[in-house]
């Protein structure tokens, strides 16, 4: 419409402070002076680029339209004459050099045999701050590890001599077809670990008929992800509820309009947990951030990224809000983060379509129990009330899933499907789309093997008596060591070769 | 009959590809072009020797008649003129050099005091790929270790002041005399670890009156083993059921004809487990393989050795097949791989003569329970039905047995005998026949001592109340460590010498 | 009043033995010959400075008036002419040099994220003997570690969808306002670790509305602490009861007169425990000591510091003494060190105002249970008698508290507040007042987060069913390792990068 | 009587083989040709000194009169002319040099704070074979460690506010006064570790009013020990029953005649256990041995020391023999090695005066339960029958005792006293008599402290409810580690100093 004004580097460079702050993004100049205090990632990171080109820092963690959407049109000052901008000499840090070497040294994908292999590769090839953000749990990280070990306290009681020539691990989740009894759960800030972020999942999930849950705090914008979908691909949406319900209403209705098939409202995060690994990584404060989905803004100023990216979340969310959600959308509503039988019963009675038994990947309340442990009490309580089984109310579990056998244990105990987050996150951080595909393939192989070995042909044949979960609630037994005794006791030695 | 054609090395060397593939084995030339896709070990390993002498690779893992049996007579091209074959310069790898040094440095056999000593020697003296194949368990290898530790959760309640001057640990198994209350269980591919393979067991077992169970996937052929027997030696046969039941019928009836006294049908392996140690050992794909007992062929093409050697196994095997087995043989039929009380009851009711409570040495379904743990529930369930004790239905246990005390625990809890596999496998890998004999001797010494200390003179005097098995089902208790606390807590120190 | 006599260094130096022992403190000369055997810290440490200036050794562990109070006025010999005293050449030990370097290398306070961080800094920056004294537990130190791990056997059952916009963790303790549901518990000899000793706590506690419990064996004198108080600041007093009850009476009544709001009588220390870390630190005998609050003297001679500082404690203290305490003070009386339900009931019936369930920080009876474990049986027993809840009888717990989540667990199970000792001790040893303030801040952050995540807005909303304490009494499970197996079993390896 | 013949070195040197074997001991020459096969320590060790002076090898492990007692008088050939014997050049081994250095570097005795300290010093200063013999347990050494850890599964429930000014830990054992509620239990072959052997115990026990149990297999002769007694000192006798009951009769009656106050018949050793640490120590075969108390000979030939020293033990010993023992002695008879409630009841009904609940220090049946665990079931069973408490039937416990608190736990649960063996053995190996005295002193200090802290003034006040033994039978919980997870999980780190 209007003529685009052309600005020069020196001109922009003058506006390099809090009083007047201009930045260049994707060849355009913006006046962000008034936006400084509104920036979800804090003003500090913007001011670092005041008067300069911020594209490289902006790119990995914002969708292309974030700035144009959030900034009034009169702050769009014009285009920059690129030739007039001084090239920033980019310093390559030792960490970055090591990271590039690790990328080059990744094992071939066929050497990756399990989900842990993805994690060890990801750890080596992503920036330290991404690792700290992804891998951290809250407080002493008891729960994050409990999530894994809880599955190993459930033992199989496999049946034999059933014809298992053909086994089928496909299912439906909320009525949607899924080639696996799991969905890829929401994790935030994917571009910290891979330039394509969550799109890696979208593309791989499309190929293999797996459902992706989109995170409110994804690095890729909701629409970018939806635009990348294949025909008939199914998405769910994870929702952090905004203090400004109007923003939430628009966001939810937009998702429904674009065909999202399930709304997973996070109910275990009125505030984001203290994650000390993340906090130790001081620099995270300087240049990380989060794509807050369009319209989630309105947050308070600089208080560290962890809180900043979540400061819009409404801690007043309560059961009283559920009817409102039911009034604004016809998507099935699922409550994500149920941790007790009592709340599972309330959820059922509130008329939602399902619950996710979860401790938020060990990132919220430490020494909270694992989803698989909660499952046992939830199923018992629902059953006692006549609420289970009920095809209109599905139960999911997440946290610590690394093997198809974990999934089968959850299903045997009454879950409809499980959510898997970090495993896929690490898969794409390590190998992009191909990593996600490999992860799906490994799960598939494991489902085939484990179902045969369990003696079930379809998931319907899974029964509670196929597992022994009696040790589930023995969850932690501290063992103060007897140091004096151990220093004096001399362990038995095996025979030695004469080498 | 016919004149044998004499071929030369250069002539054979021309047929070095997939289109035409000749190989030399034991001085004979064969055209294996059409067999490539039928080879249980995959085509790749054959093609590596296309146009060359393959004897050295063939030898350790096939019986002498494997190739003549599987290949139509028209593909037997003739004899080779050895003088015309270029000697392959055999590269001695660093691994092989270290292995030879380790062989020379083996401790004298009398220094071997227990089964673990065999394992550590075997690990040093066998090829890495043999070790990977033998030692691997499935997935996270929880079950393979659980097998060992489960025995240590059973504690003795020994009785005193009984006259134990004379103790006798002999018994019968399926009515056959056995000098020990254990049989040597089937393990596959023995020649990977020792040139004589399973024959080491045969010869030592004969001397000491111990029963050997022959594996379908033994490296030595069934008939080679039987031919090596001493008078009156007892064998059992482990059976993987072929998709082609006719092959299985011939195999079983041949075994019965040759005097085998028990048919142990493996029921826990519709598909062989994912064993990651084995999978990590990439090269295994290149030159390992399996002696598939005569007539077990008919498998699919190259898909990795682990699957290839087992691809003939029929995943459709079911309870409905049991009467057929009973109709083709009068050998006692035992189901190997029962893992629940429910299936034990079904087995009894199906009229078989016994069951092996087993998780396949931790190589199939991970986090499956150990045999000794299953035993308790099985005996209780059978007893409740009036099925136990019953001399026509014997219960065996295998997995993790390393001590006579393990065996006594199983017998006290109701087993008739136990199967011991890896311990004897490692014994012959480390020391050949002499290793097996030493292993038997150690068991004998331990039985004498432990029976006296338990206060039992014969195995019949073992009683359930002689063990405390109340901790058996506490099988795993995860202990997420408190890393912060452990890094700050300073352990107590013992006094220091002034050196 | 009188002319002050001026003495010279050489004159003082003559009195350098047991027969005649003069010392200089703060510029004054004292004849301590007759006091040698009365010195709570033993005669040896005084004799080390006989004839010399003892100020530097005296200063950290005595209040300014200790010597004038304890020594008859005729032993105050006069002032010293400082110019005549030979300057002691102070040898700087390697330990001291390392300590100073560590002090300079302390991480910035904002890097301290939890209580363990204080401990690791304190360990580096305080003298080895202070560390030994503070950190030691009794015997095998099972209990000191159990205190920490016991909290981790209590798991949360958090509730969701409650409006937690506003959360409030303030409470009252004995009717006194407290900004946190914890008080800073008594720990002894604070100046061993920081020159300002317990005053660091006093000043920080004043700023943040936290209650300080003053220790009988504090390094700073009772009055010094009280004199440093801010308006309205609340103190409790921890009392070791003297064999001479008159001394105790005066001490208690003085405390009440100065406004102390609660009298915590220690009942678990008729004798101080054997603490081997402390005992290993031989030198502690040479120069440590304790400020025994004014009037607590009358102890026996040199028998090692640990006993010396506590030798005035009366082992005959019994239930019969309680009415006497009630007669001499109107402060609420609390019994500190209750370890069984039986004694909790007796305490209630004796009419005291509260109890502290405690094992004295793991420093008394080893393998005594943790306070949090005792809490469960105590609440059950009191409830069964109709004694709980009762606003006139409060229950506290101490030992092992490092996280706000620990506190919330105790409160959910029925405690009114918890005591935190070592964490604040280490905080001021590491950073002085600022450390204590940071510790309070961390607790505050954790309370906010954890209460929101638990779904409680005020402490009143905490309920027993919000925790699963069923594993609490599984306190120790020994795991004799299977050394042979572990030496032979080869752990699974993750994939390796080609670096 | 007779003239003593004088022989020369060269003369003796001719008799240096199996056909004619002479040795010199303490200046006398003996013809041991016919005794070779009777020697409890085997013929090999004698033949090593054939034709030479064997005194140095003989001395540490035989009483002075062993050879004269066992050898017919006609084999006493005469005296040796010492000047004619070639001095053996004694080679000092590297081990011996290190041992001597360790002896010189022992910490001062006051640095020894607990029983483990003795053990670490003993390990350093005694020959490797002595250490192997003393420290070894059977098989996997599960039980030897369980003995220690079992005590740590018993937790205290201490009482407070009882007047504990005076505490008294003296008691009676079998009616004999004992200054401690423990006796020093029998351990064999004391001279292997200290030249004075068991006499160190005798002398120290006399000073402190502690009872010593003399071992059948002590290095010092029974009479040497009795001759070293102080007035009124109490001894018990541990008895291995000989196949030749006449020998046993004489031995028992001699003991009674010399004033022994209790006969502890070992009932858990029809055969000595397989102890692999001992077996690994090959050389033990060459020069160790055992003082078999006068008249215990008559054993079979060379079959390894472990069996040789015990081959006289009668495996046919049974309940039927008890009346015979009761007929030959009026000493109270105690059965040592009871392991079940059933046998405890039988013992009571057989009219013996007491039982020792024991697993023989973890040296016999591995995975047998600990004495403290057995105690709980034994007391319950006896009580149910009305057999407990009964002053005529005392219950003792041994195995793993290292602390006075262990003893108090056993007494609270119903034991009259405990046996402590290895702790005192290591004490005298490390420091001779003074070590034993220090050990007694440490126990005394610990009894004083722990009784005060428990709230008991006399041992009679100990009650079962003062301990929580509910975890006792949770004895082992195996924890197969999750190796993949542990390799990928990155433990939390504490803050770092900038050093």
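The chains carry the letters A, B, C and D, assigned in the order they are written, with residues numbered from 1 in each.
Heads up, the rule we're going with is that a contact is a pair of C-beta atoms (placed from the backbone, for glycine too) under 8 Å apart; a residue touches a chain by one contact, two chains touch by 3 or more.
The shown structure was predicted, so the numbers you read here are calculated from the model rather than taken from an experiment.
Novice: Between 0 and 180 degrees, and as a multiple of 5, what angle does the rotation take that fits subunit A onto subunit B by Cα atoms?
Specialist: 90
Novice: Between copies subunit C and subunit D, are the contact residues mostly the same numbers or mostly different, with half as the line?
Specialist: Subunit C vs subunit D: different; shared/all numbers falls short of half.
Novice: If you average the CA atoms of subunit A and of subunit C, how far apart do the two points sit, in angstrom?
Specialist: Averaging C-alpha atoms per chain gives centres 44 Å apart.
Novice: Rounded to the nearest whole Å, what is the centre-to-centre distance of subunit A and subunit D, using the mean of the C-alpha atoms as each centre?
Specialist: For subunit A versus subunit D, the centre distance works out to 62 Å.
Novice: Where in subunit D do residues touch at least two different other chains?
Specialist: Within subunit D, residues 111, 113-114, 116, 120, 140-142, 145, 148-149, 152, 276, 280, 474-479, 482-485, 487-488, 492-495 contact more than one other chain.
Novice: In their complex, what parts of subunit A are in touch with subunit C?
Specialist: Residue list for subunit A touching subunit C: 101-102, 105-107, 111-113, 116-117, 120-121, 124, 139-140, 142, 267-268, 270-271, 273-274, 276, 279-280, 282, 314-319, 321-322, 335, 337-340, 342-343, 346, 364-369, 473-480, 482-485, 491-494.
Novice: Which positions of subunit B touch subunit D when the two form their complex?
Specialist: 111, 113-114, 140-142, 145-146, 149-150, 152-165, 403, 405, 445-446, 448-450, 452-454, 465, 468, 470-471, 474-479, 481, 483-484, 487-488, 494-499
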